[in-house]
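Next come two complexes built around subunit A: one with subunit B, the other with subunit C.
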Partner chain A sequence: MTDPLVTVDGLEKYYYENDTLLDRLTGAEPEAVRAVDGVSFDVREGETLGVVGESGCGKSTLAETLMRLREPTGGSVTFDGDPVFELSGGDMDAFRRRAQVMFQDPFSSLDPRMTAGEIITEPLAIHDVGTAAERRERAETLLEEVGLSADQIDRYPHEFSGGQRQRIGFARALAIDPEFVVLDEPVSALDVSVQAQVLNLLADMQAERDLTYLFIAHDLSVVRHISDRVAVMYLGEIVEIGPTEEIFEDPQHPYTKALLESVPRADTDERDRVVETIRGDVPSPRDPPSGCSFRTRCPELIQPPWLDAPQAAFREISEFRTRIENGDIDVDTRWERVGDPDREDRAAFVDALREEAFDEDLPDNDEETVREAIRALADGDREAAAATLRERYRSPCEAIDPALPAGNHPDACLRNEQPADVEAAREEWEADHDAPEVGASSR
Partner chain B sequence: MSHGRLSNDRGGLRGIVRGGSGGESPVISPRTLRNLRSELSRSLLAKFGIAILAVILFTAVFAPLLAPHDPTDQNLDNANVPPLGFTATENQTTSETVDGEVQIVEEEVVVNTTAEHPLGTDSLGRDVLSRTMFGARTSLLVGLFGTAIAVVLGVTVGITAGYYGGRVDDALMRFADVMLAFPSLVLAIALIGLWGQASLRIPDPLVAFGIASAEMPEDIVLPGTVIVVVALVNWVWFARVARGEALSVRDQEYVKAARSMGGSDLHVILRHVLPNSLTPILVLATIQIAAIILLESSLSFLGFSGAQLSWGFDIAQGRQYLSSSWWIATVPGLAIVAAVVGINLIGDWLRDALDPGIEGQGGAP
Partner chain C sequence: MTDLLRVRDLSTRFFTEEGQINAVENVSFTVEAGSVLGVVGESGSGKSVTGLSLIDLVESPGKITSGEVWYNNADLAERVEGDRPEAVDGDFVDLRRLSEAERRSLRGSAFSMIFQDPMSSFNPSITVGEQIAEAAEVQRRASANPRSTRSRTQGYGLGRMLLDGALPDRSYTSEESWDRAVELLERVGIPDPAERAEEYPHQFSGGMLQRAMIAQALAGDPDLLVADEPTTALDVTIQAQILDLLADLQETMEMSVVLITHNLGVIARVADRVSVMYAGEVVERGTLTDVFDRPVHPYTKGLLGSVPDIDRPGERLEPIAGNVPDLVDANMPDRCYFADRCPKAMTDCLTRLPEYEVSDSHRARCVLAEREYSEADAVPAERLARPTDGGATGDDGSTASDESAAPDAEVSDD
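Presenting the complex of A and B:
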């Protein structure tokens, strides 16, 4: 039960987009899309490890790379002691028999031109197991086992409902008696009532056949229902991993907390709860944030040691700073709104933008710094405005990339326990940066 | 008749697909058959197209039994006879000896039609109807075999390019683009010039077994070079379509699933990519048969095919008599039009019935 069946170590899958002939000729640096960016975890024999995360966080790429359907750009996967990425010939064949995948889409995961029987026996045919008659018999048994009837064996996929198709997909995954099944969002496309049936089927089969699951989903309640342990992914990285109940009852990473917080619950007490959603969009994996990848949306962004502002105010200032740095604030329209074509009434501009950008009251010092930055912005000096804010409000989260420590329930957040080298980097960073004087950079 | 033909075609395709994998199901599902049938019952044009092609096919196969004359039989006394219901005049020069003097008389004579040659005769007195019937054989042989070779070649290249992608795709498709850059007729003439006009003579079973009159030509001429050349000129279209299909099928989850089970590339291509790419290829094939028949006629018209019994050849023969004996070129010309229109109508029917939008979406039958 406790031996890892699958060990993933530092798995990376980067896609290089700028790799056309023209780019190669001009020598342009290929741009990496970091779909999976250094992921490590174990799947223990007989358990279900759930992987959750928003769409686009790299869950499915993780599954496909782990199964070697895509070639990884780094890292390794060990299956029962064998290095998966180095297998070839008969050893690779054995791996392909022992590990199977069940896919998400009930429509595209089954070949529309094959009957249910042909679909289920395909792995047997590929590995040349049994005679045609034996395979057919096996398919009939499997159909019954997954809750369909054996006389549906000659039907085509379009004659089945979504839930039935997923059952066929599952029967196909089980046909060759695997030990490990990757379930890539197996119920995401199904109605809620059907989801529960399929989940129960998955659980029953696991108990019956001692299967090990890697269960990928974006629905937290589904993952909670079926998983023994849960890994939370954000932007190609695992930010927290631990036993299911601990993750749900005592989440450590701010992202996990925010994710759990954002789920509406079926409870009358909930009616008036303001669901605190995660702000903003997932950053592009083409250009992930420096340091902690969640910092651009993190409600618990760490303040620099010299600062002691209310967290909400600090967060607003940080977001304002990001907008300035990205050039998202159009100074011209703001001036127009102030109604001063000669751009002389700087005070009015500052007041207007200050009110627009902030809901919170700011402490005096911070109020002064923010206004100084807006004044620079009013003069059209975006760089100076950004520098003013950056000086005082830089967070260690921007500089230090947190790591996932070892242990039963680790998480990758600088607020929590971190490996020694990350702690050391943080101390060094704090020593290198001093508090700036308020107003020091104003003219 | 027409239905039988089509299912034979399908059997042929199935044979190709089954080759490596050995499953049991038809490539074309029962649902597709239903679509074909319902679309056929809805479309008058489709029935019309099938009827035309059925007539041409029947004529081509049984030409020695149906044709009234040996198409190569010359009779100069009976030259330029117009079709039934038409009259034609001819300038005749005769010399007479009157009173010891030779007089040259030019007179206009009326050439009478005869029931023996319902569509008239050409300048050498050969029966136009018989020639047109036998000409159908050349056109259909070149059309079917040429298309078959083009399909095999184009689909192999296209699916390889689409499935593997990357540099393989770049290399194969740039080569295909180069082929596209040549006008097809020019390319065909160049290739024939390079290889000569080889043809294969196959004894006609109808004549050999004495079913048809022994006066009929005893061989079916299979214009080998022309068939290969029209295939080489037209395979690119199949390659492009097959590549596009393979590109989209490649990303389907059932392909990923097959690979995750350990299916080899060959298995995935034969079992999944090819069967799921076939529909538009089939539609394109019908249209290409028509295009190839036209190309063959052009080559024969220009005298490059070496065929002596072909619609295009007959048009070329009749061209110089167009002002006096219009039927020599017009009858085979109408035959080409009928064949091309018929085949295109069938292509439209297949396209409507096998619309990929319906295929694979599940739901509505």
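Presenting the complex of A and C:
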């Protein structure tokens, strides 16, 4: 674990929608899907860096952009001192020889019309290594090394099982003798018993050939098993990165904690383990939340300095506010349920919605503010309702975008240590927002 | 605890061009009322087909060839007894001996199923609420006339069909069933159910859609819910939510659940009893503690040893060598199906073995339940490394990491 072999700095990959010629002529604003949104990290020589995250968090796009299989929209990647995005010609070929990829799906990542031997020797042929006979010999050795037999060289992919196909994909990645291999979900399509075989193979080959791995997976147990360091991604950003032991034993970011909690253990004590599930779904990368991207699901959302409500109550109020702001609460059906066609019985409406939206008891002040917002809602004034709640319950998490500080085990959460500029922004924010008076705007 | 379902020697076969495939072979298990049975196995082990067989959803070329499925329902037993006394035993009714129509009338009200991929299980062109309301409507019409097995097709005659074609409307739902749909959506934890019911499947996230599918399955208030890999397509944080929901529903609605999954962690989280399947057979079954803490069958041990432990990392994994065999009848060896991959194969294993009783609640299809492993009886490696009859080639995919003696099992077609 010494020098960084790969340095990724502020890597961005946006996909644009509404960006066709027609859209441009009609003047439609292109809409960015922020698949990878400013990611920085190092991969050190000889280590395995695991990248985990839920589907849609951008981990595969990260791998593909990093290997320059997709053109980045921002940032840079340095491989052993060379800027990958600026290489061309012979230098690019050299980079391609030193860095290889193995893909997730054993069924679609191998050409069905090529034999195992052709698949494995293709990178050698492209880079013009050896004669045909030498390449074939190399393929035979590789097949043996990855746990298949040399006589299977003339078989086609459909004659192999999923685990065997992943071995072929791995042999192909190793054919050119790379130093760095990106493994994109290499075992997630496999059954557990076969998955274990492939994981052991990956570990053996790394030890034998001093490989550096970037290991992408959604299965946390697998990542813990194979990685030296782990990066946790959420919505296109790294929220925490550090040595595997520390990430798993002492997670700092609320998302990492929630993710670790959620994994069911194959153990008879599992039933009694209390799991605090996080609510809701991952937001769309088309329209990520302002500030901290995890704040819409975060169980540890920071309260504004003037507030001291129970955390659970604060969360429910925040969720209720989001629903009002998004227009998810249909006032008409609520009135129907109250059964007052003239819409005069505001108290009944307020009681009903208060009951529906909250499980928690609220402190008196907060109860009053919430009811005030619901009264505005009853009058059909969604804006006023949202404003009432926004005034009192705005969290620093929605205003300030946390960043990943330097260090061995940093995390992007405002609760923890943050870079100086983020800290400064937060102080400024707190100075700008004073405690609102309770009930000041009530009618 | 009373039993809800007793399955005896159930076999399901598929008659394909490549030959007869024994997807489920002589499977027996019991589902207790109000409990969760976990069925675990790798792909191709027959666990999904077992689930489908329970509620008679196996389609051609598949066929349930033998077996009994005893369902505990006093009302049904009383009703059936007159016509078919042989199908009734006390309060139990053998579903395999009922008519097709009678079995169909139990779907939804007695048994219900949820599937793995919520995205492809819904019709994309009909609102979610309507699809759930339709299920509720079917049950409503059926309960209006419980004795008629035809009741669920009532009102859907040819005339109605033509009329609907000409004048499409919401005739498959009614106001009551729509209200019921909203109520069900609320029950499974969908916020703003009345509004969400009006939306189409693509407007739901995967987790939400899985909840909606559970709501649909609950429309008939079933006794038994068969959940086939309900969380496999979901992220872990969403998986945790869905497992919580299932446990909660199971408790409050006093339903039994058959949970089919390949994930041992999911089993450990929710199951009371476990059946481990391999190559179409249940190789071991018992309570969760029996199977997880005192496994007898080497396959069960291997499965448990293959899972990286998130709390105890660093240990080298001990995978099972080789691959899952294919299930083509002609290629199935006439001995323990696991013997070829088994680290403890003995000469006894060269015959087909019965299920042995380990304890009252615990059974295993392995001689190790009866006797200790002894080196002297070990099967010589060459007898096992030999390919199964049927002309498969003799290559073997063995390596240092694979251990030797792994037959390169026939390649499965996917």
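Miscellaneous remarks
Heads up, the rule we're going with is that the second predicted complex is superposed on the first by the 441 of 443 C-alpha atoms of A that agree within 3 Å, B and C clash if a C-alpha of one lies under 4 Å from a C-alpha of the other, contacts with A are read in each partner's own complex, and residues count from 1 in each chain.
Throughout what follows, a contact is a pair of C-beta atoms (placed from the backbone, for glycine too) under 8 Å apart; a residue touches a chain by one contact, two chains touch by 3 or more.
Since this is a predicted model, take the numbers as computed values, not measurements.
Contact with subunit B, but none with subunit C, is seen for A:Arg97 once the two complexes are overlaid on the shared chain.
Of the two partner chains placed by superposition, only subunit C is touched by A:Glu54; subunit B is not. Once the two complexes are overlaid on the shared chain, A:Phe248 sits against subunit C while remaining clear of subunit B. By the touch criterion stated above, A:Leu69 is placed in contact with subunit B alone, subunit C being left untouched. In the superposition on chain A, A:Leu259 makes contact with subunit C only, while subunit B stays out of contact range.
Judged by the touch definition given at the top, the superposed model places A:Arg172 against subunit B, while subunit C stays out of reach. Of the two partner chains, subunit B and subunit C are each touched by A:Phe107. More residues of subunit A lie in touch with C than with the remaining chain of the pair subunit B and subunit C.
Looking at the shared chain after the overlay, A:His158 reaches both subunit B and subunit C. Contact with neither subunit B nor subunit C is seen for A:Asp364 once the two complexes are overlaid on the shared chain. Residues 107, 158 of subunit A lie at the contact with subunit B in one complex and at the contact with subunit C in the other.
Per the touch definition, subunit C reaches subunit A in the complex via residues 42-43, 191-192, 194-195, 205-208, 235-241, 243-244, 262-270, 288-289, 292-293, 302-311, 313-314, 316-321, 323-324, 395-402, 408-409, 411-414.
Within the complex formed with subunit B, the subunit A residues making contact are 21, 64, 67, 69, 92-93, 96-97, 99-101, 103-105, 107-115, 118, 122-123, 125-127, 156-158, 169, 172, 176. In the complex of the two chains, the subunit B residues touching subunit A come out as 21, 23-25, 27, 29-31, 170, 252-254, 256-264, 267, 271-272, 275-276, 359-363. Those residues of subunit A that touch subunit C in the complex are listed here as 54-55, 107, 144, 146-149, 151-152, 158-164, 191-197, 199-201, 203-204, 218, 220-222, 224-225, 244, 248, 258-268, 270-271, 275, 277-279, 281-282, 323, 328-330, 333.
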